[in-house]
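Think of it as A, B, C and D in the order they're written, each chain with its own count starting at 1.
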């Protein structure tokens, strides 16, 4: 492995530089290249047409910020060896390697009972075997078991480079310019005390703005009512397909890998299932959805056609729970108008809740290093914007349903 | 159709506004929504990971510039009626509706002998039927048969809003910031004389820069040697699949629409084929490529695997034609090393040429309106940068081949 | 006054268009052109070297946003006549016309007892005479006495275009990118009900971010301890000069206008003083400071030299009041070390306080228009970030002093 | 001199870092701080209101690019010692230290017969004495006498960081976004062979665009007809003031330093004059111009009033020389209308020429390093845009005059 230097154009940061052969090996690995085919924001592009960037691009961006963070910390005399640097860079490159098609939207749905973090770790270990153990330190850092906790905190913590990149990148690609955070300033204000990651006092306002931007991105983008609705529709499609299979209805996904996981009944078996999982990406789901628009099951075909033609369920987002009577009436109307059974109609009229917390001091812990050497949580700083009232999770309730007009479109073959 | 107003976030222009119900009807149409699943720059993302924007997004951007251009021209007392405005907006929205999967890369390969412009027109006419003739004026403008030529020139000419958007957008998403053009300034300098589109004298330097940016984007992005190589590999995949089918080898695309077109032997029949074509998108090709990585034909499986894992053919770009002897030696080495036939090896060792002209005064015609009322072609302006030497097309020659290392990867099952 | 159209380049918004002759007349007026020589952020450029933009540029930017705001409101069927439009545009162009040299930093110091708003109004009335009454409606809107309150609220209110421009522009020129607000989104969300300016519900997060950005700009830029210190030093220079004059010491400002105001003892007399005031700008103060670096009064010469050479007083910013004993000790040390009198030393050792409120619901009133037609103050919205705890003004206390090193520089003629 | 680290916000590059005490000493020096009061683009702000950035900011920007260039070259194994790095950084910081008020506009006019480069060198040598010889290496590099020519070429050559910063910064502040160059890409493509600065082959298109952007900035901004006119008016003001003094007319500049140089008759004497020169800045000229608007000499008062109120001479820019007969007729009309003498009128009606060359291969020499190790001038590269036709300097001829309307304003006391 000799000296290399690759430069990749990035609209967000200008250029990303790769200068270590092990980093390049990771990036060139088919498991990593698979992330090119997984969109970072699933189907949020149905609302924000620019939001089509990939997991590969996000993780390369986070890698770039990690390089910068390490350079800044070294300027402040934090000791980081070349091996630790490469390991931290690889850990962040691979932090999301366990994401499946449409990422969070189908997490726990497609592969039931397994989080993407668990899958990331399993894949990293598989790659480590191939690499003859060269990724062991990266894995330790990823797991948080390495002796310098700040390296793990840079990957997974309240101010990690993962969040900094996804907020910056998602804000950039959606065009929601208000989500922009001052990542460069925060990076310059990082510090390490007793192995823990802190931020300097003068970054307080930047961090306030970081948290408020995150809050804005959640409510305006990630939990945008239509984005939420599309994600729930994706879930319903997978659930319906599974149900049909288990009911013995003839149904096939055009992709054998997807087909396998739809039929998988027991728990995920890394030994056999991981290699197959590593071949799954957004294409498999989209190809299935396109195919199923012609399926004989009216519910499945309707949901799939709605996604493809972007003629979505109506959705309401409220701060109080959905009235069960209202939902029932809606369902019954649908049953009456279409002849679907109640069970079937339940895929087209449903409700649920989503939650977001702006800042939870119990498990988030942004700690501020003051000039006099003292350390405080940001929520205890004088006159702080981020106070205890923000630690309460905010719940919103969604209600998705098929309205009259759509019923006509899908069930009565009226021209559009 | 009542008053509406939709705002769409766009990272390039901030916000795009839709305020006419017919425009909204076009955007909501499944044929238009299909463009969400066709990437503007095909697989250029294998080189520029940010370049994943869609045809839908590009055409909405061009629509936005059309709205601006019309507003500017009206301020200069150019008469444009509300009907003409809506028609021009729809014409630009639909100008690329006939693009198939991976756009230019597979044009004339997937649907042989039919250009995307022909398909665009056919689809527009089909939509016009549905719309009860409301798109007739848009079609006239698109075809260039309407009495105000400048409206057509805004859609398809040297300074049309199509080019302005794709240069701006492609430059934005690739991160090749040097490709940026001053579209807003050029728009402000547009003028109309005797129905023809002109630009005011003081825009000369902006237009020089526009042409130089376009030149840069061609050589640095669109004809980047690796981008070129990937596109040629896509073509080879389709050709190989067709060849296998015609040779009676068992081969199926997971998508019935793609399968249909691979097997289509006679000419494209709009009556029967257009509806199928309108269901094709990048997903169909990608799903097939993923599927065929497991196919028994070594050539097809190799090409497909290379695209999926981004382990591409080597490529050389030169200003002189490829030496046929050198190509022959390469081919023979490959035959020797792999046992492939010469015909088979020809899918993995091949050459060709690509051409670009910076400015061709014969068919491009950017005309400058001087303060004294006279009009000159930009190539005749004093001291112009854009002179006759730039009208000569520049040819580059590519040579793609499988190098030793890759042969080992794909044919001898060595670990990667 | 015939049809005109001028386009001005603006790095912040791209282009600013002037299309009414009365607006052009105002911009061309010498009183308005004077604003070219008054920096928007006084001497904040000693900390933020990019912050050298002028009051003229800011007010043209605010004018641009006003044009946009009016266009948006008209799209929502708010009635605004062409005369009202021009008047509102002129009112915002002239809203800061009464600012003197270094704007806020020397307000009430140079012209004692008169605010810049009072001066703005007086100047507008003077210009109205010249214009034969054509500015009367602009003046009514400026004063808030016109029958459509929202026009005044766009000029002076919590969400006025003045704030939107200065936050955007100051953030742009300082390079404090975190101060960026989503002005374009907020403009698109403005609404008018019963003549009052409101914002639509879906702008809530944008407004939260607007308020947090403003908070950040205050603490990080406007009240940055060094910026504060420089402004107080400017005040001390003017106070010292006045004191010396009244003590009969020979002292002259190189500018006769400045000299006049330094010697002015009674109240400001618009009839005689306004024309002179309209000739004052930053140049007069800077020329005097440069000149006075050579003055015989050690205190004045020191303060002036410190500004010119950017060798400033030390400053501390705390959340508790400065300890008077500590200040006294500092003062006495300075007296001992330099032989200055206590009165003299008081110009070089001093303290004070500055205050900022993030959002005060009593007098700020950002009102949100909900979909159901109801209206609430933003601080009463569910789960709002902007709550009552933010309505309490935050005080910070500054302490400026000459440290040992500087004493050596200025009083003992040591080489720097 | 111990370890330091200062971060300065820059709207163009984000942050500029200062990490060496000698660099900080230079920046803190009063001679360097003087550059805060010299605008980079003189009075171009009368056309581009955003163009108010200072020489200090430009030279800090160029310093930032120098830091980046050195880091890139080191990654390519070019040997640069820490001493050479600091010296090159200081050399670029000080490269413009010899600029007087309004930079190029008054160069050779205010201090006759001395270029700003000569003055820069003299000031650097003076500072070197103060610094006990620590700037000697910086001076060697600046003069081009150091053994590694590429360090000098980075400061003063066709692709130096000076040009890269001023094109980037001037384009940024004027808002002429088309002037933007890909400085980051060019920096990454720099190389050194046998001590000389080269650029890698793949930068060819970026350099083409760099040259075209420079061309655009010249014609659209630096030589914009109104900018040119204002600069010539500044020159006329100084010339008129000198003439009046030598004719014994009572005339004083409010600034004693300016007064000294206006009266200086023999050549510039560094020993006595340099210290005074180092106190001159834009303020001195502006204060004089404001003062002289009241002077008894009608010509001087008119020119000064025109600058202050931005009521400028009319100007025509043509590609053929001004017709002397036409100029004479204009002059005679002015004489007739105002009673001025012909000599006096010559300050208000005058002509001249300005020249710009896009690329001159004889003295500019951008050399391209090809992959095969060969080196060619960019103008010899195949199919290059930059060809010999661009090496011919382009001349434009300006004609400035007082039109009827302005005559009325200034000579007949009509209300404006």
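Structural remarks
Simple rule for what comes next: a contact is a pair of C-beta atoms (placed from the backbone, for glycine too) under 8 Å apart; a residue touches a chain by one contact, two chains touch by 3 or more.
Please read all numbers here as calculations on a predicted model, not as lab measurements.
Chain pairs B-C and C-D differ in how many C-beta pairs they share in contact, with the greater number at C-D. Among the remaining chains, the Cα-based centre furthest from that of subunit D is the centre of A. Averaged Cα coordinates give subunit C a centre that lies 31 Å from the centre of subunit D. Our note on geometry: subunit A versus subunit C, Cα centroid distance of 44 Å, whole angstroms.
Centroids of subunit B and subunit C (each the mean of its C-alpha atoms) stand 51 Å apart.
In subunit D, the positions touching at least two other chains are 14-15, 177, 185. Touching subunit D in their complex are the following residues of subunit A: 5, 7, 14-15, 19, 75, 184-185, 188.
Subunit A contributes residues 177-178, 180-182, 185, 205-206, 208-209, 212-213, 215-216, 219-220, 319, 358, 382-383, 385, 387, 389-390, 394 to its touches with subunit C in the complex. Listed in rising order, the residues of subunit B touching subunit A in the complex are 8-12, 14-15, 28-30, 33, 36-37, 45-46, 48-50, 52-54, 56-57, 60, 130, 172-177, 254-256, 279, 283-284, 286-287, 290-291, 308-311, 415-416.
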